[in-house]
Amino acid sequence: MQDKRTTLAEAIAAIPDGARLALGGNTLHRGPSAAVHELVRQVKRGLEVVKTAGAYDVDLLCGTGCAASVAAGFVGFETAFGMAPSYRRAVEGGAVEAKEHACYTVIAGLRAAVQGVPFMPVAGLGGSDLPAVRGFRRLADPYGAGEVVVVPPLVPDMAILHVQEADAEGNARIVGSRFEDVLMAQAARRVIVTAERVVDGACFEAAPETVAVPAFLVAAVVEAPRGAWPCGCAGCYDYDAEYLAAYVAASRDDESFRRFVAEHVLGLAGTPRPAPGNGAVAAVGAPRR
Amino acid sequence: MQDKRTTLAEAIAAIPDGARLALGGNTLHRGPSAAVHELVRQVKRGLEVVKTAGAYDVDLLCGTGCAASVAAGFVGFETAFGMAPSYRRAVEGGAVEAKEHACYTVIAGLRAAVQGVPFMPVAGLGGSDLPAVRGFRRLADPYGAGEVVVVPPLVPDMAILHVQEADAEGNARIVGSRFEDVLMAQAARRVIVTAERVVDGACFEAAPETVAVPAFLVAAVVEAPRGAWPCGCAGCYDYDAEYLAAYVAASRDDESFRRFVAEHVLGLAGTPRPAPGNGAVAAVGAPRR
Amino acid sequence: MTTEAPAGGQNGAASPRPDGEPRGTDPATMMAVAMARLLRSGETVFHGVASPLPMVAALLARRLHAPDLIYLTIAGGVGARPERLPVSTVDPALLHGARALVTLTDLFDLSARGRLDVAFLSGVQIDGEGRLNLSVIGDPVRPKVRLPGGAGSAALMPTARRVILWRTKHDSRVFVERLDFVTAAGNVDRVVTPLCVFARRSGRLVVESVHPGVTAEALRSATGFPIAVESGTPTTPAPTAAELAALDAIDPGRIRESEFG
Amino acid sequence: MTTEAPAGGQNGAASPRPDGEPRGTDPATMMAVAMARLLRSGETVFHGVASPLPMVAALLARRLHAPDLIYLTIAGGVGARPERLPVSTVDPALLHGARALVTLTDLFDLSARGRLDVAFLSGVQIDGEGRLNLSVIGDPVRPKVRLPGGAGSAALMPTARRVILWRTKHDSRVFVERLDFVTAAGNVDRVVTPLCVFARRSGRLVVESVHPGVTAEALRSATGFPIAVESGTPTTPAPTAAELAALDAIDPGRIRESEFG
C-alpha cells in the first residue's frame, strides 16, 4: 500500500503555472476551497479552471490573478449571493478568458478525455451560439442523415477534489452528491484528494460502493478538516453564508477585495476557521444547526 | 409511489417477438436466468440478445430458438464448463447470427444510446477485423490528424436485470459487481428488474449509493428468489456447478438438449429449485458453503 | 439555471406587488403556483442551480395533483423529501429521503435521449421565440457584462420534452426583441413571470394568462417584444386555498421569495 | 479472455508434463510463475473472464516482488484479497477486501486513455506477430467453429501499455502461420505457454526462454510459424522455493491447473 499523504503545500507545489485544473464540487458545495486558498498563497499564474458550476473557487482564482481562463457552464453564487464579482470583472476587463460552455459540453470534453477519443458527440445545442463561438465542429452521422456537435477532449493536468473521507492510499469516499468529481478524477492526468478525515481504508471494505474514486487514480492525499469551507460539505457542515456574503460584499472593488483576501486567505496559512459544530460525518440531508 | 410489482409471466409477456434484449450480469454471475426461463416458456422468437459476456442465458436462448442474433463480446461458460454449446451450434448452423463485438463496442453502442447521439467513438480496435465485418465506420478527427472508429447506437427495447434487492417502485440495489447493468438500464427503452427480495424502499434511504438503478428507469419489478440460478448472485448463492455441468453435457446433441430443457426449464413453471442455503444477502466475497 | 440579475443583484426590483389583492397573489406565490400547475404526475422534472421557485413548484405539484412526479436535481437525490427548503438548490437538503442517487451527467443524458419530461430554465434575456441569453451582454469576446453562463440550458432546451422558463423580473431589459447572445433555444412550452404566463405557439411567445391585478398596458410596456393582450385574455386563477395550504406546509420559510431582490 | 479450446474442451491435451523434473516445473506452475515475473510493483494489471492463470500470477507477483501492483478484474473489486481462489475469474470472491469498486467500462476506459499497464489476454489462435483469433474458425459469416468472441481483446490490445498473452496449449493449431480472423492486434509484450516464453521484437514473436525439459525440436514442431531456438536460448528459470511457497499460500487448491484439460 502506497502512502500518498502529504501536506497541502507540497501537493499544490507540484502544480505548475499554466496548468489546467479541474475542481470538484458544485457552486456552494464541496468545492476544494482549502486547496484553492493554497493556490492563491503560492501565487500560481495562468491556470485554466475547469468546472461544471463554480462559485467561490473560480471567483477567487480569477480575482487573485491565478486563473487565465475558465471553462465552466456556470459561475455564480446562486440565489443568496448573486453574481461572481471577480470573475465578472476579470472577464470584462480581459484578464480572464471565459470559455463559453454548457455544463454538458464540459462533461463531454471530460468524457472524451476519459475514453481516450479525439472527440465526443453531444446531443442538443441546436439553436445555440455556443458551438460557433467555441469552434465546436459538427460531424455528419455516417449511419444516418443527421449531424451532431462534437466536443474535443478536455484533459485536466490535475483534478482537485475535496471529499469527506479518504485513506492514505487515496481511496476517496464521497457522502451524498458526487457531482462531476468521478469524471474529473478519471479524466485528469493526476488527482489530488483533500479530505475532511484520513481514515483507515479497511473501513471502506464493508461499503466499497461509497468510495467514489479508487486509489489508483489518486496521486496525493491531504487531510484538510473543513477543507471545503466556505463551501458546505454534506454531512459535515453547511456553507458559511456569513463569510460568503462578506466575500461578495468585499469584492465590490479591487482594494476591498485585496484586503479581504489578505486577511482571510493569505492570513489563513492553511488553518481553517474553527468548526462551529463537530467534524463528524452525519447523515446527509438531515437538518443542520 | 407507483407500485410496479408484477408476475414474471406478465412482465415477460410484454416483450414482443423480435425485441432487442439486454441482459444484465456477466458470464456465470447475476444473469437474469428466471426471466430467461420465462422467455423460453413463452416461446419468444426472433430476439436479439445484447450482453458483454454471456453464458447460460445466451446459450439457452440460442438453443431454444428464441434468439435470432447475439451482440456480445464473449459467450462461454468460462474455464470450468467450456464453450457455449448451443450458441456454437446455432451460429454454425446459421440459425443465429453472431454479431461480432468486443465488450467495449457493446458498451460504446449502449453509451451512444444513453447519450442520445448517433455514434460513439471507441479507442483501440486498430488491427482488428472487427470494424470491417461489423461495418463500423472510421471518422477523421476534426481537431487533429487521426481517425477513430465510431459505433452506432445499440438501443435495447428491454433490459432485464436481476438484482439482490428492489423496492416496489423499482429502485434496484446491486450488491457487489454491477457489470454493465446500469448502462443497460439507461440505454434501454424499458427495464424489467427481477430481485431476490422486494423490500421496503425506505431501507435504501440510509445508503442510496448502493442503489444502482433508480426507479424512474424501471417499468416492472418481479420478486424472483434465486432468480439468477443457475448463475450465482453475490451475497446470496454461488453458481450451480452441478447443474451447469449437466446442462453443458446435455447440450451435446439436440435430443438430449431438448429433454434437459423440458425437464429443467419448461418443467420449472416459475419455481426455482430450492435453495441449498438460506436466501439472506450475506457479505460479498466471503467464503460460501 | 439562474435568475441572477445582470448587474448588482437587484432581482425583481421591477416586480409589481399589487396591493389589496387576495392572499396568495404576491408574485412569488403566484409564480410558484402557476409553475406547479404545469407539471403532471409521472413526469421527470429537473431544475438546476439557483432555482428556488422550480424547487417549490415541483414539490407543490407532487404534494397536490402530481404524486408520482419524479423530482430530479443536481444534488442527485431521486425523489427527495427535504425536511427544510434550502436557498441553494444543489444543497444536500435535497438528498433527504432519496432512495437513489444520480449525477448531473445522468440527468443530461436522460434529456439527451428524450426521456426528461420537464426542465426548468431561466434567462437574463428572453426573446419572443423563448430563446434565452445567460452568457454575455455586449460583445462575446470582450463583454460589457459577463453573465454566469448557460449551465444546462444549451443542452437541455433542445432535448427536454417541455421546457418551462421562469424569470422573477419582467421588464423590457429581460424580455427583449433581440438577444445579445443565444445561449440556448428549444422546446419552450411556457414562460412564467411575475406578470403573466406565456405559452409558445408556432414558435412565438403569446400571453396565455395575465396574473390578477396586472393591466394589459403594464404587461405590454414591460415586454420588449410585441405581444397581444386581448380583452378575452384570461386571468391566471389566483391560488386556491388548497394550493396555499400546501405551500405553507412545504415552504413555511417562504424560500420562494428568495429570488426576489 | 478465454483459453477454451475450439472443439471439445480438451484444453492442454498437448501440454507436456515432463516427468522427473524438479518440483514446480509442471506447466501450470511454470506458467503462473513466468507470468508473475513479468509484473512490476505499481502497475495496473487487468485480466478478464476465464483467466485463472493471470489471476494466480497477479496475486503471486503482488505477494512477492510487486506489493503495490493494482489488481483489476471484471468483478470490479480494486485490490481485492480473495480468501479462496475461484475458477470463474469474474467471481464475487474477487471482491473480498476491495476498498473501491469499478466497472468493466471504467477499466476499458482506463486502457483507452493509456493508463492500463498490463492486460492479460489469450487466443484460440495466435500468429507470429502476436495477433490473436477468438472469433471464428473458417468463414466469419458461416463459421466452421464459432469461438467465444474476443471479449476485451480488440479494444485492449492496441491501448494497454503491455499485453501479456498466455495459452495453456502449445501446438501448431494454436500457434499458426495465419489466423482465420484477426480478433485483436496490438501491444503484445510476451506470450507465455507451457513450453516457452515468447517476447515480441520488431513485431515478431521470438523465443525468449524455453521451459526446463523442453527440447528445441519439440518447441519448433509445436509452433506453426518459424521460430529460432539457438543453443544459447536461455532456459526459463525453474520456480524458486520462495515462489513455490507463495504459490502454495495463494493457490493451495491449485486453481491454476483448471485451465489444463
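Lettered A, B, C and D in written order, each chain numbered from 1.
What we mean here is this: contacts are C-beta pairs under 8 Å (C-beta built on N, C-alpha and C of every residue); 3 or more make two chains touch, one makes a residue touch a chain.
As the structure is a computational prediction, the values presented were derived from the model and not from experiment.
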Partner chains shared by chain B and chain C (touch criterion as defined above): A
Pair joined by more contacting C-beta pairs (A-D or A-C): A-C
Farthest chain relative to chain A (centres taken as mean CA coordinates): D
For chain C paired with chain D, centre-to-centre distance based on mean C-alpha positions, whole Å: 59
Chain A-chain B separation of Cα centroids, rounded to whole Å: 37
Chain centre separation (chain A, chain D; CA means) in Å: 41
Centre-to-centre distance between chain C and chain A (centres being mean Cα positions), rounded to whole Å: 27
Junction residues of chain A, two or more chains touched: 115-117, 122-123, 209
Multi-partner residues of chain C (at least 2 other chains): 77, 95, 97-98, 101, 112-113, 159
Chain-level touch network, classified as line, ring, star, complete or other: other
In contact (per the touch rule at the top): chain pairs: A-B, A-C, A-D, B-C, B-D
Residues of chain B touching chain C in the complex: 1-2, 113-117, 167, 169, 171, 186, 201-202, 204-205, 208-209, 211, 213-216
In the complex, chain C residues that touch chain B: 42, 44, 67-68, 70, 77-79, 95, 97-102, 106, 109-110, 112-114, 159
In the complex, chain A residues that touch chain B: 112, 115-123, 137, 139, 141-144, 146, 148, 150, 152, 206-207, 209-210, 283
Complex contact set, residues of chain C against chain A: 2-6, 9, 48-50, 52, 74-77, 80, 82-84, 87-98, 101, 103-105, 108, 111-113, 131, 135, 140, 142-159, 181-186, 258-259
Complex contact set, residues of chain B against chain D: 26-29, 52-53, 72-76, 78-80, 82-84, 87-88, 91-92, 94, 98, 100-105, 107, 122-130, 133, 176-180, 182-183, 232, 234-235, 239, 284-287
